[in-house]
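Just below sit the structures, each encoded as structure tokens.
Both complexes below contain chain A, partnered by chain B and then by chain C.
The block that comes next holds the complex of A and B.
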């Protein structure tokens, strides 16, 4: 559809005149939009999603750009120098509980996740990937330099480009997850520094570390992708989206009641919009959950209400426009308050259409089994889902034990791509396209064996275990209500995260839990002892054989006896006992 | 099936070998090479009649063989090839022996060391004395070497054509030589390299691999009159010091023990060693379970049993070697040894 036309036109652009002519008639070459989405979750928690989108009408890989205004220079030069087509980096702490919280707008796995599409002009993709992960590790103060060939895979079907793409050769894609990575303030600070207004004005003033990390789920991400400049898609712009999703928990924030306000969540209120932003809005999800009267009351009263169909559901949002002069008339600061009108019934929790869970079973330190359960709760529609599993090499998967069972019967996947691991070089990669029948549970199990590693390959806390990164489920979920095509410029940012191909389904990417697996450990205090004892055994053999090979039998000559024997004989003479 | 084949091959081999030994004994008696009072040391046909059967039974009923059969290990196939190689060597067919040795080397590198005993036996059979200057010696050696190398090359090239790449050479032989996988087994290597300092790992890998091949030449020099015993000692050394030993390898050399049952009176520590071996074999699964499943023991426990088991094996082999050499001495020098002044003497190794 639109994507194919976009790809064709992108080819024409190579011979087209420079974008300078097209940009001459424009007032600005880059634009910033910021947005905060507050959505109360069914269980009483609140999810806040910040999005900062900088769009820059420049041709990064081609032109020698020297004047950076809103687009951060660090990222711009990175994209230009390493030939990056698309970059997605997410640092997450916690796990999004899809079953109780609903479908996430944009989920990321626990730890650090980095996936990058490179331009077709890049010759050595692995070298560029290594450089990229090292540079990003410096920019974001995260240990991304631990990304190497033992945790990088090349998925073939799961991660299609989200922006404009000129053909998809999957050898240009690299994906890596570091599930052990911890996210903290020192990762937030450089992320905030990339924002045009920093954390001094606009929505970013709410991003205070001591409140943000006191939450159940914290995910900050950077997405860079090329997009169409306008509807005719004659030119390419680069879009940088920085998203931050945080879920505040009633229990962890020490509040018994489920009334929220911006001040309670962030310990700050909004005072003004970022002066560099062309749009700055706060959306609050006030959709009535079961078509009765509203559950929520929002104060101050919103200036307008926006209705949209998001993820197959009709939703209503209260909109606060920070750039409109009428907003700050009554008070100097904006403190949005949400009050629950009636108590939440736990029986009314709506289940999302697609959710999954994963666990490891088995006993002992030798073998185990990874089981993934995928639930399709749609009443009558079946849809396929692509499952991507990356398992480290030291858990040796037995692919012949892979079973997929749906409703008691075996379910054969229509596409399997399996790449076995190589010790210390490559992890396992398993990608499958599985059809999920309506209203069913699919169980995928695979058995593995644990390897014994060299003592230097263990982490300093080896009995904590080793992490297996989350598996990725990508699906086009059929929606109950038909959705319209969104115009990226006009509609809110949270509706245009993923490109939509048609109105009948929406794209969802889910992650399962990471797993923690124990490996048998050698005794770390023993290296010298082990070397000595083993060499002793070898020396015993060598000694015995040396004796037998180099010496011959002789009749023993009588000897006078040593000193001890003579002394013993003297004592015996005194006792009257015969001598030795 | 392979186990039965191995047993049958060993049976036939030992039968032939017994005939050879008996002939040689008679020959030496007639030559008066033996001392007069060693009548009780000489092997009689009566006691030698049941040895092949005992060998076959030792192999088939050995708990180690049963264990490796239940585990469906490819060790049984290795054993079969080596058994056929021994049969071919003892029958005297140089071509078949070279082919089977090439097959055995192709599967795991270590049977390469069995080249020397096979060569010595075939030379003995052809009545070619092992003298460095003799032309017939070199001629026969060259023939045998050529046969062996040709069959090896043929097998490797067949593999190449099956796979269309040379990748299998680092995967198979590189794996055996460089020991990358550290799954615990009954050998000495795994824990050693799990706890090795990175700096020295290459050095110690080389030392351990040389250790297997190193005993061939000294043993060849010492045991050039008795190539079948040499073969037995060599197989035992391979199965103790190879990089991934299994109980199936142990079963193979244990099957030969009845052939030398006449050495029983000269074995020094046989009771302790057999106790050590039995106790260690029983403790292996117990300590493995404690380490991996119960979590109440350490990897050190299993490693200790590995050490004790290997020491038991090593001392068993050296004990048999000692007994063999001692019997040879007695055969040539008489059973009752007297010193210069007439009192009873003791034998020492000096």
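The block that comes next holds the complex of A and C.
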């Protein structure tokens, strides 16, 4: 009865999926979308954000996949073997100046940042974390193998998973930052190799190292997370996003004019889309500032215009679709140019709703104070923010000196988690949930004392100073305009970075500046100097003294001299010179 | 291997990158190269042209290129890591790109540059490797059969002292200067502000630019590369441990990698049903109810989060000892017979 029907159905399915179906009509299980977003920033710089998103409808953790197509095998095997649920690695050079540039789409702290959520099935999270950082250091040519317990923390309230999650047990989360990490071409090369088209076709042809590193901010990141496969969200797909954000200072490199073009920025233009991509688009932010007539003009004229509410603001984008055949009709290459119709007043710089600043104060090499200033410029809405600070163990924080002052009064955090450091084993972790009243400045200060390291623990260049990694601010910023829920597949990639919960606020993660602190540094040439000096002093003083005490003088009979001497004396007698 | 840190040692990084570039050009892939650079010159804030390292004045040749892969960077370049790479005694979690995976049929080229002296080479201004250590490392490699033939080139002051102590077979060594002589740098560039390359490596690079993968140039030509008139110092070489005659050793034996390619006209038909096979094999588990994303900032949940219960540890030695002392004193004073009154 039912068994026969089921068997028949199965046979039909197998027959339908049999050898007759090669070619079109078969739905591929992975898809690539690439996107470039160009946004002119208020101060005259231009930010370019590349996003390459590979979506794969497969169940990676079960490890049953063996055929990799668009998804890179190196990362796929990493996720399957180590039981990774989410992975976020960012390598950044420079600092995003939130106050002048506005809210970043996705910011990363200076250096290398790695945070990972592991699957609940992983038994030893620390061991998996160590292996993961070693493997990633080989893949990305970065010194991620320096990540160990002295710079890893387990946040308890920040860094919630950005993908699908079944419950958030923070024991499975690890976060580490290496602020001293240098980012250069050798990190870009393997990053480009992970792209399906490499750097040979599509938007990735613009990624030339000589131009990308001559910038004010360069950040490249890899994000792997599980997402909903469709609207019903009953199955899981894996998403790999590779993002690269770079900010060019066109004002100084463009002979004083703020006009820019793709060729000026990247010394290349776009010629085609990646053949493996299902979507390849360029978005240019042409939102009018202050509701005025447009002051900027984009050439070539865009085929369509897209409007969206991004980060609480209504924005307009010019869209260039590289896969549409009409784009390359007139010229073989696409060089997007932007001209400013009239100079922009510098007083029109809008300030972002949330921005922060951090600095170290104090004098001398013994004590100091870390101060963080958080600004809420929203006129009437207050919102909470989580501040996460990781301070290395050699700066001994005194938590009893922690003060949080808003508008002159003390502001008690609703949640505070402090994990003190253990020398040479664990850094300080301070997490606080602070309510920021509207239109206010909150100042958080904490004092510290500098420790003296053992002489083998100093780096080869200790007088440069030691870095304290950036602190992280996570907040749900209220937006002025209500935002609709976005359908991930239909909307541009830059709108779907963070999963949105409701339309009244958007999630933002900001990083403050890293700090550079000088520790009391011994003079490493001193042991040699001391040995030389001491030995000299000992030799001179003791030697002289010993000679004085023990030297005795004897009278010595002069010898008669040999034959040569006698002959010489005879000649000298003739000359009249005294004898030898 | 470049062992020097700080901006004014730009030329050592340029030296290393020139040899890296030549070696890559002649066919050795990145997976077979271990590149160690002790400092970052290309993206150094003092570099007026970021992401470039030049070897010629007037910026003719960018030896950094667009596809460089550095295996050991910055603080990772230490004597310990270098010796571990050579001898293969590496922690198990080291990735493949950081290992020297050689066997007894591999020819190895080792190029080192930096600041050195009579019998030592300075690593990053904080430690040194001596010629005795290096010779012993090579002997370990020989006993573990980690090389077939080894070519060692060193460009430092008094470089010849580094190969004086070798005693393992099949090693050929070249140095840029004899004991008591300094290796000099080639030319400064006024735009960048530092010396760009060392003389010996400059002329070696010029020599290597003439070599192509099929060239028949042999080692004797390499020995003639930098005469005293050009180099000011006297380059030296050592071939007594090498079994073959240097006349018969090709440059491409060490600097290049020539692979044999066989062309076949047979066709191989791939199974076109491969994708279909895969989709039948894998039946995805569907969840019974929709999965959801985590809330990014669940304020209420965070505020009411109970602090993590600290794991209970049994009392440590001091506390146990203290309590044992107290109990002993108590029973000594009062005697055991009073115990029944307590319980």
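Rule of thumb we're sticking to: the second predicted complex is superposed on the first by the 495 of 580 C-alpha atoms of A that agree within 3 Å, B and C clash if a C-alpha of one lies under 4 Å from a C-alpha of the other, contacts with A are read in each partner's own complex, and residues count from 1 in each chain.
Rule of thumb we're sticking to: contacts are C-beta pairs under 8 Å (C-beta built on N, C-alpha and C of every residue); 3 or more make two chains touch, one makes a residue touch a chain.
These numbers come from a predicted model, not from an experiment.
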| item | value |
| --- | --- |
| Touch count on chain A, higher of chain B and chain C | C |
| Partner chain(s) touched by A:527 [first = chain B, second = chain C, both, neither] | first |
| First (chain B), second (chain C), both or neither touched by A:299 | neither |
| Which superposed partner A:331 touches (first chain B, second chain C, both, neither) | neither |
| Chain B versus chain C as contact partner of A:163, first or second or both or neither | second |
| Touching partner for A:183 - first (chain B), second (chain C), both, neither | second |
| Touched partner set for A:475, first chain B, second chain C, both or neither | second |
| Which of chain B and chain C A:401 touches, first, second, both or neither | neither |
| Common ground on chain A, meaning residues reached by chain C in one complex and by chain B in the other | none |
| Interfacial residue positions of chain A with respect to chain B in the complex | 363-366, 423-424, 451-456, 520-523, 526-527, 530-531, 533-534, 537-538, 540-542, 544-545, 547-549, 551-558 |
| Touch list for chain C against partner chain A, complex | 5-6, 40, 42-43, 49-52, 64-71, 73-76, 93-98, 124-126, 272-276, 278-282, 284-299, 302-303, 305, 307-308 |
| Contacting residues of chain B [partner chain A, same complex] | 180-184, 188, 190-198, 208, 211, 215, 218-219, 221-222, 237, 240-241, 291-293, 295, 298-300, 303, 307, 310-311, 314-315, 318, 321-322, 325-326, 329, 337, 339, 341, 343, 345-350 |
| Chain C-facing residues of chain A, complex | 14, 17-19, 21-22, 26, 29, 57-59, 64-65, 67, 93, 130-131, 134-135, 137-139, 141-143, 145-146, 156-157, 160-166, 168, 180, 182-186, 189-190, 208-210, 212-214, 228, 232-236, 384, 386, 414-415, 417, 433, 459-461, 474-476, 498-499, 501, 507, 524 |
